[in-house]
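Worksheet: the structure to be examined is printed underneath.
To keep things simple, chains are lettered A, B, C and D as they appear, and every chain counts its residues starting from 1.
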Amino acid sequence: MSRTWSLDEVSKHNTTKSCWVIIKNKVYDVTEFLPEHPGGSSIILKYAGRDATAAYEPIHPPDALHKNLPAQKHLGTLDTQGAETLKKANEQRRKTKDEIRVEQAQKKKPPVSRILSVKEMEDVALRVLSFKAAAYYSTGADDEITLSENARAFSRFFFRPRVLRPISSVDPSTTILGFQSSLPIFVSGTGLAKLGHPLGEANITRGCGRTALIQMVSTYASLSASEVAAARLSPAQPLFFQLYKHADDARAAALLREIETLGYNAVFLTVDAPVAGNRERDVRAPFELEAQEREIEAEARGVAETEGLEGEPEMPDQGVDEDDGGTATPFLNITDHNMTFEKTIPWLRRNTKLPIVLKGIQCVEDAVLAAEAGVDGILLSNHGGRQLEYSPPPLEVLYQLRQQRPDVFDKLEVYVDGGVRRGTDVLKALCLGAKAVGLGRAFLYAQSAYGEAGVVQVARIMQREIVLGMRLLGVTSVSELRPELVERIDWQPSLPRAKL
Amino acid sequence: MSRTWSLDEVSKHNTTKSCWVIIKNKVYDVTEFLPEHPGGSSIILKYAGRDATAAYEPIHPPDALHKNLPAQKHLGTLDTQGAETLKKANEQRRKTKDEIRVEQAQKKKPPVSRILSVKEMEDVALRVLSFKAAAYYSTGADDEITLSENARAFSRFFFRPRVLRPISSVDPSTTILGFQSSLPIFVSGTGLAKLGHPLGEANITRGCGRTALIQMVSTYASLSASEVAAARLSPAQPLFFQLYKHADDARAAALLREIETLGYNAVFLTVDAPVAGNRERDVRAPFELEAQEREIEAEARGVAETEGLEGEPEMPDQGVDEDDGGTATPFLNITDHNMTFEKTIPWLRRNTKLPIVLKGIQCVEDAVLAAEAGVDGILLSNHGGRQLEYSPPPLEVLYQLRQQRPDVFDKLEVYVDGGVRRGTDVLKALCLGAKAVGLGRAFLYAQSAYGEAGVVQVARIMQREIVLGMRLLGVTSVSELRPELVERIDWQPSLPRAKL
Amino acid sequence: MSRTWSLDEVSKHNTTKSCWVIIKNKVYDVTEFLPEHPGGSSIILKYAGRDATAAYEPIHPPDALHKNLPAQKHLGTLDTQGAETLKKANEQRRKTKDEIRVEQAQKKKPPVSRILSVKEMEDVALRVLSFKAAAYYSTGADDEITLSENARAFSRFFFRPRVLRPISSVDPSTTILGFQSSLPIFVSGTGLAKLGHPLGEANITRGCGRTALIQMVSTYASLSASEVAAARLSPAQPLFFQLYKHADDARAAALLREIETLGYNAVFLTVDAPVAGNRERDVRAPFELEAQEREIEAEARGVAETEGLEGEPEMPDQGVDEDDGGTATPFLNITDHNMTFEKTIPWLRRNTKLPIVLKGIQCVEDAVLAAEAGVDGILLSNHGGRQLEYSPPPLEVLYQLRQQRPDVFDKLEVYVDGGVRRGTDVLKALCLGAKAVGLGRAFLYAQSAYGEAGVVQVARIMQREIVLGMRLLGVTSVSELRPELVERIDWQPSLPRAKL
Amino acid sequence: MSRTWSLDEVSKHNTTKSCWVIIKNKVYDVTEFLPEHPGGSSIILKYAGRDATAAYEPIHPPDALHKNLPAQKHLGTLDTQGAETLKKANEQRRKTKDEIRVEQAQKKKPPVSRILSVKEMEDVALRVLSFKAAAYYSTGADDEITLSENARAFSRFFFRPRVLRPISSVDPSTTILGFQSSLPIFVSGTGLAKLGHPLGEANITRGCGRTALIQMVSTYASLSASEVAAARLSPAQPLFFQLYKHADDARAAALLREIETLGYNAVFLTVDAPVAGNRERDVRAPFELEAQEREIEAEARGVAETEGLEGEPEMPDQGVDEDDGGTATPFLNITDHNMTFEKTIPWLRRNTKLPIVLKGIQCVEDAVLAAEAGVDGILLSNHGGRQLEYSPPPLEVLYQLRQQRPDVFDKLEVYVDGGVRRGTDVLKALCLGAKAVGLGRAFLYAQSAYGEAGVVQVARIMQREIVLGMRLLGVTSVSELRPELVERIDWQPSLPRAKL
């Protein structure tokens, strides 16, 4: 299939009847794939007969097309003249206002060693990320109450620090599902790291390798599971896999076999996202970028920008177009919507030997059901406030579990994620019984701003803060962190001055 | 009575002795009607001998004059020259600052399909509404504490979402008083939709018809009950009627007969508004508009605007002039101020076969009395925060009813309205026992900004949010929404970032 | 003593040895009075040998000098030339920045009939008051926490409104100590009304006469007790007297006899202000005015203003100079610092037949002691937040009294003041057991902005709001206001948007 | 050792092999001292072969070098020409932006007698302090939640003021560990007063002498213990010593002997700071000053300032460099990290006859342990919010101790510090059982802004506020302050308008 094609030839295949696209100068016939595309056909049809590289690259693993398209649909390569034309067009393309802003922000960012806190890392990242990436990474559901409450929950727990204890030697390490971790934290799964940095999730993999932390890799990472596995510093570096179970059991089982073969060490089954939450900031991002550009064009033409369209408003369609449901919607359309404790856990056990953790438990009752179902761990999480608005903060669920069903902690490992920014946040969760604490956005922002060095810096910050906090609490190992060292206050605390 | 009149002839009848007005080029003798006008005679006398169309139209149903004025007082039409003169005067009239602002805002508003949330719809509407309409629609009583608490109450209830439940198929439909509704929401009665859009309440009627929702129509709608009924997509489309009971039982009975004949399906008796609340924003609106115009005139004359009047302040009159009590005051002056459970409910039962709901129950005791009085339903409501300041949020009353008298839910249907903006708000109320939830301003704003299309868009938004919320809660029908799925928190939650 | 004096002759008496002052063109020898002056001698010495009219007038009753100075010290009048010179000097004096601001604000203020709420009245008054008067009227103690909490306390009480009650006829009148009042409110005592309006307290007296309210007159009013009594519309108009008991029992007894003779109807003994609170806003006002003027002078000279003095800082004196303790300090220096329940109440009973009320009770224990001491009433008050910072809001004390010692309400009348702005505030206090509610600043601001008409307008506003609130609560007389109609909430309410 | 050296000769000794520095024109060989320097060698090496006076002076007692360096390393003095060169260089050095700001602020500060409150003193000081000093003094740990909660805790306690009590004569004095104090407050230990004022801690010593207060002097004061002792107004003036116990018992014992000889009267052992907290504001200060200067230089060169460095980010080092851990880190590196109740208290008793107080108790359990260990007092403190973030406010710990273990108050004296700004704060703590209350920053700020006069002014302010508060509470001696006079509120109070 090494035929070459001219731009002109490709351009004729621009309909649902025959739909070709160019990606990195390769030509593909995606006509038959259109109805199968998880994100709907209309996204692809925007690029029918044209170059789709810029849209495709940051959100797909490189092997996505190869896996999904039969070899005979790989039609060949673009001819030299076509490639040259695309390259020039790309070079001459006027930069968007947002691209210019990002370039300037990149020049001004401080050296990574001067980043003193996770919050500061987040601030820098939000300045250097594209508007679209910033919106996708930072968005919560609806009005972002749960997003904000996740973090605020930590401020309701104060310490009871103990003094006059020997603290010269402190060991913050622990195990997670039996795997060594230098700190009682792990990288919680997040998607689309390439939106923030060209090397994507591999930055995190290598950063974790250097600092002896464990990364959880999403089914919808922008690198494939094998690329991430290949980025490990050694085959012994543990990796966890965050599974979005495909509606088709066979495809899901195949994926489990693949990640086992690749050497992943545990499966975190996502249970809080059978469908995507209402992430308005993400959905609105393209509208706002459009408005930015329209404004620039209007200025260039010397006229005032007007958003509205005069005349009668059109009647809205039945429901929102699936294409417009935000970045994550396409992925979740193919997820299993009918999982149950009774059916899905045994199925998983049959299809993998890896430890199984349920990611996204949001109340005590389900924590108890999980223990009864015999899983190895649960991650108390509301998906970083991106799914159900007014889902309770995971730390509150942890606290209720401690109050109401302390026996659950003896049956499985309990983790939390959501809103963690400080070493003290980690220590509070551990005092209440968490085995380890996940950080998702912190590492995503870090790799966006500084690549692998950012990931290492976040690890260093957490290490410094955790060790310091242990010393000032009067403990020297994580096993000494116990409920008596924290107290839930009955007043309304001050807010951290700049938390998201 | 097809005589024609010149402007000059009409202009002579400009006193309480003989008071004529022109409305849409028709001439009426309203002298004898002056003392009967619910809003007082002085409002009419401002237009004595003159054209009153602009003031009359947005707040009266077209048939109001016909109903209230005997045929012999319909004096005929304005002559061609007079009509021409009025038309020109109207065209040449300098636009007010506020009219210019509205025109510009209309041009800039986004396409209706891009409105993602009820809050956004409200924001757009508040930009395109006239100052006067915005003030009337948005006003609460006094300092608008109750207005704001109605919405904030929802933020004190968090979910206990359940995972690993089959949620591929979700049905959000329900019945209200036995009538099918595609969603567990209805349009709560509001007045004066024509202030916001020339087609007024009919926008809502048609929008509800398209989306299988039920509209409650106010006695003081700006369209007549028959006009609204005529706007239905089919005679089977259900409609509820919000009754402000006239002080005169006979007139009230006549109205009940009329709406029954027109095919209305239930009577919601307003019990929280025997008199109008202290709606300062509404009362103050004309003063502020005046100040705007004075400022413009002063600028035009090149002098600084000064509001004050020098010299000794005049002594205030005894109480506030009834004309100045805000937009709703005239309507409520003729309302029955002496209704009781013992007398009024049986009277209603005798005068209508329709189901009876009390709209405006504000405490558990009265909910119990309503159940004992045998009504079919109660709407927990404080009139959208427009009546008694520091009336409790309806959601809190619902919660107390659930805690203290769960038996009431078995005796009648319980609804709430006030402060609802999100699908999650609806779901919380349903978990606590509400059969359905009313939205008033949301639909009023929607029809103001986009007419019928806006109404449909709000319905679509609510549908999307309710279905999504049900999925993420792990339920597939409204009957599964139960108290265990919500929890009243004991901390102070974050506020939605832009709720009114 | 009708000699006339030249300015030159007077100017020689400018020392502690011989100190003369001119007040309204009269010449007084105050040498022997210097050590007796409650505000300290240094305030007087600033004007030794000079005209003191402008400083004297707004804070002293006209008869103060006559009462305190023997006839032979009334030396006579200023000669014509001297009077002329003073008049010219006064006319030519450059207006201060603050005086210019006030003049402009007076021109811009709205007509009194457009003032819709007490808050709005307060806003207007704060714009038209001199900086000094605004500071004195508005100041609270320390950081003004108690000042602000007094008002916020009302927001923690919500109503349980009852519907379907006959409310066509509502009577808001009551009695206070047996005296008729058209509303369940009274004017709480405040000082120095002349700072805000040249007619001072008489504005309030006449406004109360017109609206059938009762005024409490302070020992330190800027009109004398007899002037206020003379301002009544009829001798039957009731007046209460707020007594600051003089340290000298004989002088205090003489005052009691005087006010009894003048026809006052009750004595409110101030018990919360034996010394003045730390009213920083008031103390700081002269410094800030000085800075304003210095800035203007510096601008005139074309140099930058600098506040500081270079060189070594001087060592502070022992404590604050009594002259600098704020406007109220001089008055309170002569107040009895050793009053007790055991001694002072019987003394009062012996020296007056009038009903006795303790003004400034701040906890349940003292309310009980007051009942045991047999007084006729207590006013729960913290002096408008001007005395002890972190004194509890009076409404909270009322609530505790209702919860802990309901029997006290049967033994005496209980009033509250502090933070009342709305009719609903009054109704809440009455529901909890208060017989009536005092408003101090509201009337002080009203007379400052509009004189008597302002006082009447505030009365009208309160009447409208109280009657409306009663209707919407479902009650028709104050005796129906009962604890079951209010509920203390357990969440943090919204704040009124612009309360002080 | 009186040889003289040229700048050139000194400049050759600029390596770890041979490291000389000039301090106040004296030349020292510090080569062998490098590894012993608590702050690490790299700080010294920045000045190797050069003048280090400006960096050395504000943070070391003058005798520090003499104590730590053997006589033979005192090499002699700089020659005349060298001294002249240094002087000129110093004079010609361009002032930094921050130095210019400080000079202007010094000119504008108000006379000390016009400072009305501790808050105002703090505001003035923060304007006249260098950026670096302001950062070091004001910083709290992490996000400064604990810093801010320390102060806010006081706002949750309201008074129950008692009226009709004789209060003409009030005595606010007390004893602390048996030593007379004019007020129930003391100066809590703080470091580095010379950063704020050239006379440093001696300002506080003399101010305390004048006002009969007791100063606690830190091991890490910028004056030596002997210099502070020498600054006393008389040998009878009591002084407390805040001990940071050296890791080397022998050195710690020697220090105890020294301070006993110098006449110190008690030892406050620091137990909450074995290592330095994460004081980000302090750590970040040099970065921000750098940025200020870079900006100025860039402006001078006419180019835009850019902070970032292009190219690949460097990988962060293992942990933060100890030099960069903030101002306090060097001192704490040599502190004993292995103290215990069992070992350290008896050791202290053996090595000193002075009363022993534990400074930094943060929970009830440790207060009980302290009582069992037989110390003379405990200072409930979290080091002014500079150590463990989310350590509870000391006032809350005091309240819990009162509720849970009132017996502890009978066994030792209990003090609190942290967040105290007002006389009412002091009174609340005393009501709850504190014997006295410490103020640290208040006096540090006062001496920074006005030297000794500032210290006296803060004492006067506290005296006035404490006496006034006692009067308005109805008490005349500190022994009457009792738990019944305060009440913990159950609502969220207003915040002081400008507290830090």
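Here is the rule we use: a contact is a pair of C-beta atoms (placed from the backbone, for glycine too) under 8 Å apart; a residue touches a chain by one contact, two chains touch by 3 or more.
Protein identities per chain, from UniProt: A, B, C, D = L-lactate dehydrogenase (cytochrome).
Everything numeric here is computed off the predicted structure, so don't read it as measured data.
The two sequence copies subunit C and subunit D touch through a face in which the numbers common to both fall below half of the numbers used overall. Rotation angle for the C-alpha superposition of subunit A on subunit D: 90 degrees, rounded in steps of 5.
Mean C-alpha position of subunit A lies 44 Å from that of subunit B. Of all residues in subunit D, those that touch two or more other chains are 492. For subunit B in complex with subunit A, the touching residues are 106-114, 116-117, 119, 155, 157-168, 210, 422, 424, 428, 450-454, 456-457, 460, 463-465, 468-469, 471-473, 487, 489, 491-494, 496-499. Subunit C meets subunit D in the complex at residues 142-145, 148-149, 152, 156, 271-272, 274-275, 277-278, 280, 283-284, 287, 306-310, 312-320, 337-341, 344, 358, 360-363, 365-366, 369, 382, 387-392, 492.
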